[in-house]
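Below are structures written as C-alpha cells.
The two complexes that follow have subunit A in common; it is paired with subunit B in the first and with subunit C in the second.
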Partner chain A sequence: MAQVALRRLLSALILVAVASVACFSIVAVFPGNVARVIAEMRSSTVSDEIVKQIEVQYGLKDPVPLRYLRWAGRAVRGDLGESLRTGQPVAKDLVRRAPLTVILILGGGAFTLVMGMGLAFLGALWSDSVIDRIIHVLSLIGASAPKFFIAALLVYLFGVVFRILPTYGFAGPASWILPCISIGIIPGSILSRVARVALAEEMSRQYVVTAISKGLPRRRILVHDALPNALPVTINAFAMHFAFMVQAALVIEPIFAWQGIAAYFVEAVRFRDYQVLQSCLLVFCVFFILVNLSVDLISMALDPKQSRQRLA
Partner chain B sequence: MPAFNRRDFLLHALAAGTVAPAILGSTSSAGQASGAGTLRVPTAREANDLNPWKYSGLWVVSSLIYDPLVSYGPGGKIVPALAESWTVSNDGLDYTFNLRKGVTFSDGTPFNADAALWNLKHWIGQSDHSWLSVSANFEAMRKIDDDKIGIKLKAPASAALIELSTINPMRFLSPASADADGNYVKPVGTGRWVVVSSNANGTEFARNDKYWGEKPAHDRLSIPVIPEGRSRVAAMRAGEIDMMGGSFAAKISPQEAETLKTVPGVTVVTDMGTDTIVLGFNPTRAITKDPAVREAISLCLDRVAIAKVVMAGYADPTANLFPPSVPYAGRREPVPNRDVEAAKQKLEAAGWTGDAPRQKDGVPLALELVISEDAVPGSRALSEVIQSQLNEAGFGVTIRQVDHVTRHDDIPNMKYDMSLFITNGAPYDPHGSITIFFLSTFTSGTDGKMFVDAEHLDPLLLKALSANEGEREAAYQAVLDWLRDNHAICPIYHAKRIWAHTERVAKFVFPTTEYEMPDKGVVLA
Partner chain C sequence: MPAWFDAALSFACRLGWPAILVVAIDLVLALFAQHLTPYSPTAQDLMSANQTFSAAHLLGTDHLGRDTLSRLIAGSQTTLVAVAVVVVLAMLIGVVIGTISGYVGGWLDEIVMRSVDFMLSVPSLIVALAMIGIFGLGYWNMVAALTIAWIPSYARITRGVVVATVHQPHIESLWVLGASRTRLIAFHLLPAALRSILVYASVDAGVLALAIATLSFLGLGIQPPMSEWGEMFVDAMPYLDFSPRQIVLPGLALTLTVAGFNYLGERLASLDAPRAISGRTLRKRLATAQRLLVSRTMQ
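Entry: the complex of A and B
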C-alpha cells in the first residue's frame, strides 16, 4: 500500500511539472499585447514609449522558455509574482481568497454526497415505486440544467421571493447555502443515478437473495451489505465531479459575488493578468491531481483487491 | 440499530424548524452593511488601488474620498470646490487659485497651499500625465501665500480648468497619509466620505464629519462588489442594495432596466447621456478611404430602429459626434433616414458593382468590423444589426469579436476596417475626444483613431483646441462640419444614463458626470 502511494505521489509531482509548462504555454500564446493594458494603468492614453518600457521591465519580449524558467524558479520558492492589474503579490491574494473557494467546493461536495447518496438510497429502498420514479425524473432534470440557471432560480426563490437567504456576498453560514447548493446540485443529481445503479446491481446479487430468503430486512441488507460494495464506484464518480467543481466555481463565484480564487481567475482572464492566470491554473491543476490521488488511495483502502492488482 | 419512528422524525423536524430561522435570520443581510443610515450602492469591479495619482483604481469610488480644486457643474460650467475662486491671465498662461480657508483632510491635516503644491508635484508636468493639456503645457507652480497658489503654463490650454475638475490624478491626498518618501499609503482626502475598509468584497465608508461643505444625511455608505448584472438585479429585488447604475459603477443594460421597471418599489431614472457610440473607419485601408463607401454605410444604418430595438429606447439616435449635454456640441444635425437604394446608387457611382459583396477592379467590398464587449457594452448585438443592414446594399461584413487586450493591441495598430468607438463624455469632451480620436499627431494608445486627415482635419482641430472662449464655439463647429461633409464617421446613438433605486432612496440626483458616484443630494427615506 505504502509503495503504491509513493509511486502515485511521484507521478503526481511529474504531472504538476507538466501542468505548469502547459499553463504557462497556454497563457503565453494568447493574442494581444498585455503591455498596453499595464500601461493603461500608468497613463490614461498610452504612448508607444511607455509600452516599450513596460515590455522591457516585465521581460515580455523575452523568449517563452526563458520567461517560463524565470517564473518557475520564483514559483518553487513560493513567489508567484505580482498581479499586473493590482500590483499585489499573487501568492498573498491566493491565500486570502482560498478560504472562499475551499468552503464553496467542500460545501458543494458535501451537498453532492448528501443529495446523491440520499436520493440513491431512498430510490433503492423503495425500488420501482412512485418515489423511485420521481427521484429518477428529478435527477435527470437536475443533471441537465445549466449551473447559472439553477443558481439564478435559487436566488430568485430564496433571495427575492422568500427573502430568507442573501442573494450575494460571503458573510456567514447563511450566505454559503445557495452557492453550495448551486455548485452541488448537478453533480449530486448525476451521483444519485450512479449510486442508484450501483446499489441496484448489488441488490440483485446472490448474497442479497440469500439474505432476503433468510428473513433479513431490506433496509439492513442495503446499509450493511450492498452499500459498502457499491462505495468504490460511487466514490470514483464523486471524485470526478468534485475535481470539476473548480470549473463550476468559475461560474458560481461571480454570480454570488464571492471573491474566491475562481473569481480572481475570471477577472485575470479579462485583463490578461498572466501572473494571476498561470498561478490560478497551476492551483487548479494541483487540486485536480490531489483529488485524484486521494481517491485512488481511498479506493485502495476500501477495496483491497485494487491495491493487490496495482502491486501485481 | 435503534428504530427511527414517526414521532422521532416530527421532533427532529420541529427542532430543525426552530433553529434554522435563527441561524438564517442572524445573517440574512450577509455581504453588506445594513442599518437605517447606510446607503448601499454596488460596483461591478473592486475599487482596487485608491492612489489618486494612478489610473488603476475605480474613479467612482475615488470621487467620494477626494476633492478637486474646481468642479464640473451642469452644462460644463466650472464651479468652486477646494478653490473658492480663480483667475486666468489674458494670455491664458497664468492661473491663480484662492484656496478655501479652514478645510482639513479627514485625518485633521490642514488643506493649504503647501498641501496643494505637494499633491500637484506628484503628477503635473510628468510624462505619464502628458495626455492632459494642463500637464503637457506645465511650466511652473508657486505658493503665493498660505491660501493661494499659482500655476504657469508654457502654452494656452483651453481645457485646463475642465481637466482640473476631473478625478485622477487631479485630486488631493493628505500629505500625512503618505510615507516618508511621499508615496501613497492610504486613501485620505477632504471629501464627504472616509474609507473604513476597502478590499475585493467592496468598500465601506463612514461620513466625514470634518467635511467643508454640506455633509451627507446618512452616516454610512457601503459599496459591495457584485460583478454580474443579473446578481445586482436580484439583490435590488431582494432589497439588499438601494441604488445602482452608471457607466462606470454598475452599468444597467437596457434589458435589465426593462426588468427593473416591472419590480414594485424600484424606480428606474434616466437622463441624457454625454457620450456617443460611433462607427469609425480605418483611414489607412483603401476601401474605407473612399468617402462614397463611408457615405453609403451611413445611409444603410437605421439609427432610429437601432435605438428603439437594440437599446430598448434607452438611447437617442444621432448624426452628431456629441450630445447636447456636452459643451460646444455643435448644431444638431437631422438624423438621416435609412435609404438603401441611395446607398446602392452611391456605390454604383463609385464603381462598386455586382452582387454582394460588390467588387471594384477585382477587389471585393468586404469589411471587417472589430468589436469588444469590454470597450463598448452591447456591441455584439449592435454589430450584428450593422452587418445585416450593410449586407442589403452589397457590403460583405465580417464581425471579429475580441477581448479587452486584443482590442487594445489591434485598434492602435490599425488592424480593423471598421470598429465601434465610444466618445469620452463629460467632462472630457469635446476637447478629449477630438484630440484622442482625430488628431493625427496625438498618440491615442489603446483608444485608437476614428478617423485622421493630417492635411485637412488637423489644422481645424488645433484651432479649436487653442481657441479662446469667444472663438471656441465656431472653431468646434468647423471641426464637426468637416467630419459631416466628409462622411468621416458614423455617429449612431447617444446612450441614456440609467440608474435605478428602491424606496429607501427618497431623493436621487444624477452626478454631473458618469465618472462620479451619485452622492450630493441623495437622501435616504
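Entry: the complex of A and C
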C-alpha cells in the first residue's frame, strides 16, 4: 500500500516536470518577437535599441533549454517573474488571489458532493419516486446548459427576486454562497445521476438478495453494503468534475466580480501577458496532478476489496 | 410512399424527433439568416432601447435598440459556422495524425499519443484560452485556438480504430494480395475510422458551441459587432435587474442547441455501437435465454 502510494507520488512529480516544460514552451512558440511585444506593452514608441535592451534584460537570446532551466530554477524558489503589464511579481499576485479561487472550488466541490450524493441516496432510498425523476431532468439540463446561464439565473432568483444573498464581490461567507452554488450545481446534477446508477447497480447484485433473504432491512443494506461499494465509482466521477471546476471558475469569477486566479488567467490571455499566462497554466497543471494523485490514494483507501486484501 | 421515405422516417424516429427538430431549425436559421431577420442585427435604434415583447419587435430589443430576434438568428449563423469550421478542421488534422500514428506505430506513436494524453488531461477550454493568449484576439485566431484544442480527441479516436483494424484478417489479406499502403489507408482504414469519428463529431458540436459561447462571454471569442449568443449574454448582464429577458433568450437558445446536438449524438452512438447494458439487463436477458432453452429441450 505504502509502496504503491510512493510510486504514485514519484510519477506525479515527473508529471509536474513535464507540465512545466509544456507551460514554458508557450513562450518558445510565441509568434513574433517576444521582446518587441514587451516593449510595445511598456511604451508606445518602440526603437530597435529598446528591443535589444529587453532581449538582454530577459535573456531572450539564450538557447531555449538554458532559459527553461533558469525559469524552472527560479520557479522552484517561488519566483515566477514579473507581470509584463503591471510589473508586479506574479507569485505575489497568485498568492493574493489564491484564497478566492480555493474557496470557490472547495465550496463548489462540497456543494457538488452533498447535492450529488444526497440526491442519489434519497433516490435509492425511495426508488422510482419523484427524486429519481428530478435527478433525470437535472442531469439532462446539466449536460447542456452553459454555466454562465445557470449562474445568471441564480443571481436573478436570489439576488433580484428574493433579495436574500449578495450577488457581487467577495465580502464574508454570505457572499460565498451564490458563487459556490453556481459552480457546483451543474457537476452536482451530473454526479447525482452517476451515483444513483452506481447505487442501483449495487442494489441489484446477488449479495443484496442474500442479505434481504436473511431478513436485513433494505435501508441497512443500502447504508452498510451498497454505499461503500458504490463509492469508488462516484469518487472518480467527482474528481473529474472537481478538476474541471477550474474551467467553470473562468466564467463564474467574472460574473461575481471575484479577482481570483481564473480571472487573472483570463486577464493574461486578453493582454497577452505570457509571463502570467505560463504561471497560471503551471498552477492549473499542478492542481490537476494533485487532484488525480489524491483521488488515486483516496479510492485506494476507500475500496473495500483493496482494504480487505490488506487485512488478509 | 417511396421506400426511401419510409426508411428515412423510421431512421428519424429512432433518432428522436425533438433533437432533429431543434438541430433542423438551427440549420435553417443559420442558412437563411440574411432573409429571416426582420431587422438588421446590427442596426441600433436608441429611441426604442430595452423594449419588451411587442408586435414590432417580437422578442424585444437590447440596450442599444437592436432587435433581439434578429440578433438571435444572426447568432445561430455565427455559432454554427464557427462550429462547422472548427469541427471540419480539427477532424481533418486529427484524422491524419491519428492514422499515421496508429499505422506507423513504434516511437512515433508513443510520442504522439503521450502528448495527446497530456493535452486531453487539461480541460480543452483552458488549452484554447492559452492558444488565444499566444495568437491574440480575433475570429480566425479563435478558430485556430479551438482547432488546436480539439485535434487531440479526434487523433485519439482515429488512432484507436486504426490500431484495432490494422491487424484484422481482411486488412492483412489485402496486404498479402499486394495492396499498397496508400490504398490500405485511404480505402480501408479511413472509412472504418470515419464512422466513429462522425458520431463523435455530432456530440462534439454541442460542446464546441458551448466553448465558443463561453469564449465570447469572456470577450475573447467572437467580437462585437458580430452577433453571438455568448456575446449577447454578456452585453445584457448589466441589465439583469430589470430585463432578465435579454439573458434568458440567448441562454435558452444556446441550451436548446447544445441539448439537441448532445441528444442526436447520443442516439447516433447508440445506433452504432453495441450497447453497454447494465448488469441487471444482462441477467434478465440471460434468464430469458435460459428459460427459452429449457422450454425447447422440454419439447
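Couple of notes before you dig in:
Simple rule for what comes next: the second predicted complex is superposed on the first by the 261 of 312 C-alpha atoms of A that agree within 3 Å, B and C clash if a C-alpha of one lies under 4 Å from a C-alpha of the other, contacts with A are read in each partner's own complex, and residues count from 1 in each chain.
Methods note: contacts are C-beta pairs under 8 Å (C-beta built on N, C-alpha and C of every residue); 3 or more make two chains touch, one makes a residue touch a chain.
As the structure is a computational prediction, the values presented were derived from the model and not from experiment.
After overlaying the two complexes on the shared chain, residue contacts for A:G215 are found with neither subunit B nor subunit C.
Look at A:R272: by the touch rule set out above, it reaches both subunit B and subunit C. By the touch criterion defined above, A:R85 lies against subunit B but remains apart from subunit C after alignment on the C-alpha atoms of chain A. By the touch criterion defined above, A:A152 reaches both subunit B and subunit C. After overlaying the two complexes on the shared chain, residue contacts for A:A143 are found with subunit C alone; subunit B is out of touch. Once the two complexes are overlaid on the shared chain, A:F244 sits against subunit C while remaining clear of subunit B.
Applying the stated contact rule after C-alpha superposition, one finds that A:I26 touches subunit C and leaves subunit B untouched. Once the two complexes are overlaid on chain A, the subunit A residues touched by subunit B in the first and by subunit C in the second are 30-31, 152, 155-156, 160, 254-255, 266, 269-270, 272.
Put simply, subunit C touches subunit A in their complex at residues 118, 121-123, 125-126, 129-130, 132-137, 206, 210, 213-214, 217-220, 230, 233, 237, 240-241, 244, 247-248, 251, 254-256, 258-259, 262, 278-280, 283.
Against subunit C, the residues of subunit A that register as touching in their complex are 18-19, 22, 26, 29-31, 140-141, 143-149, 152-153, 155-156, 160, 197, 200-201, 204-205, 243-244, 246-247, 250-251, 254-255, 265-266, 268-270, 272-274, 277, 281, 284-285, 288, 292.
Against subunit A, in their complex, subunit B makes its touches with residues 1, 21, 23-32, 45-46, 48-49, 54-56, 127-132, 199-201, 224-228, 230-231, 234-235, 237-240, 374, 402-410, 412, 436, 442-447. Contact residues of subunit A toward subunit B in the complex are 30-34, 36-37, 39-51, 85-87, 96-97, 152, 155-156, 159-160, 163-175, 220, 254-257, 259, 263, 266-267, 269-272.
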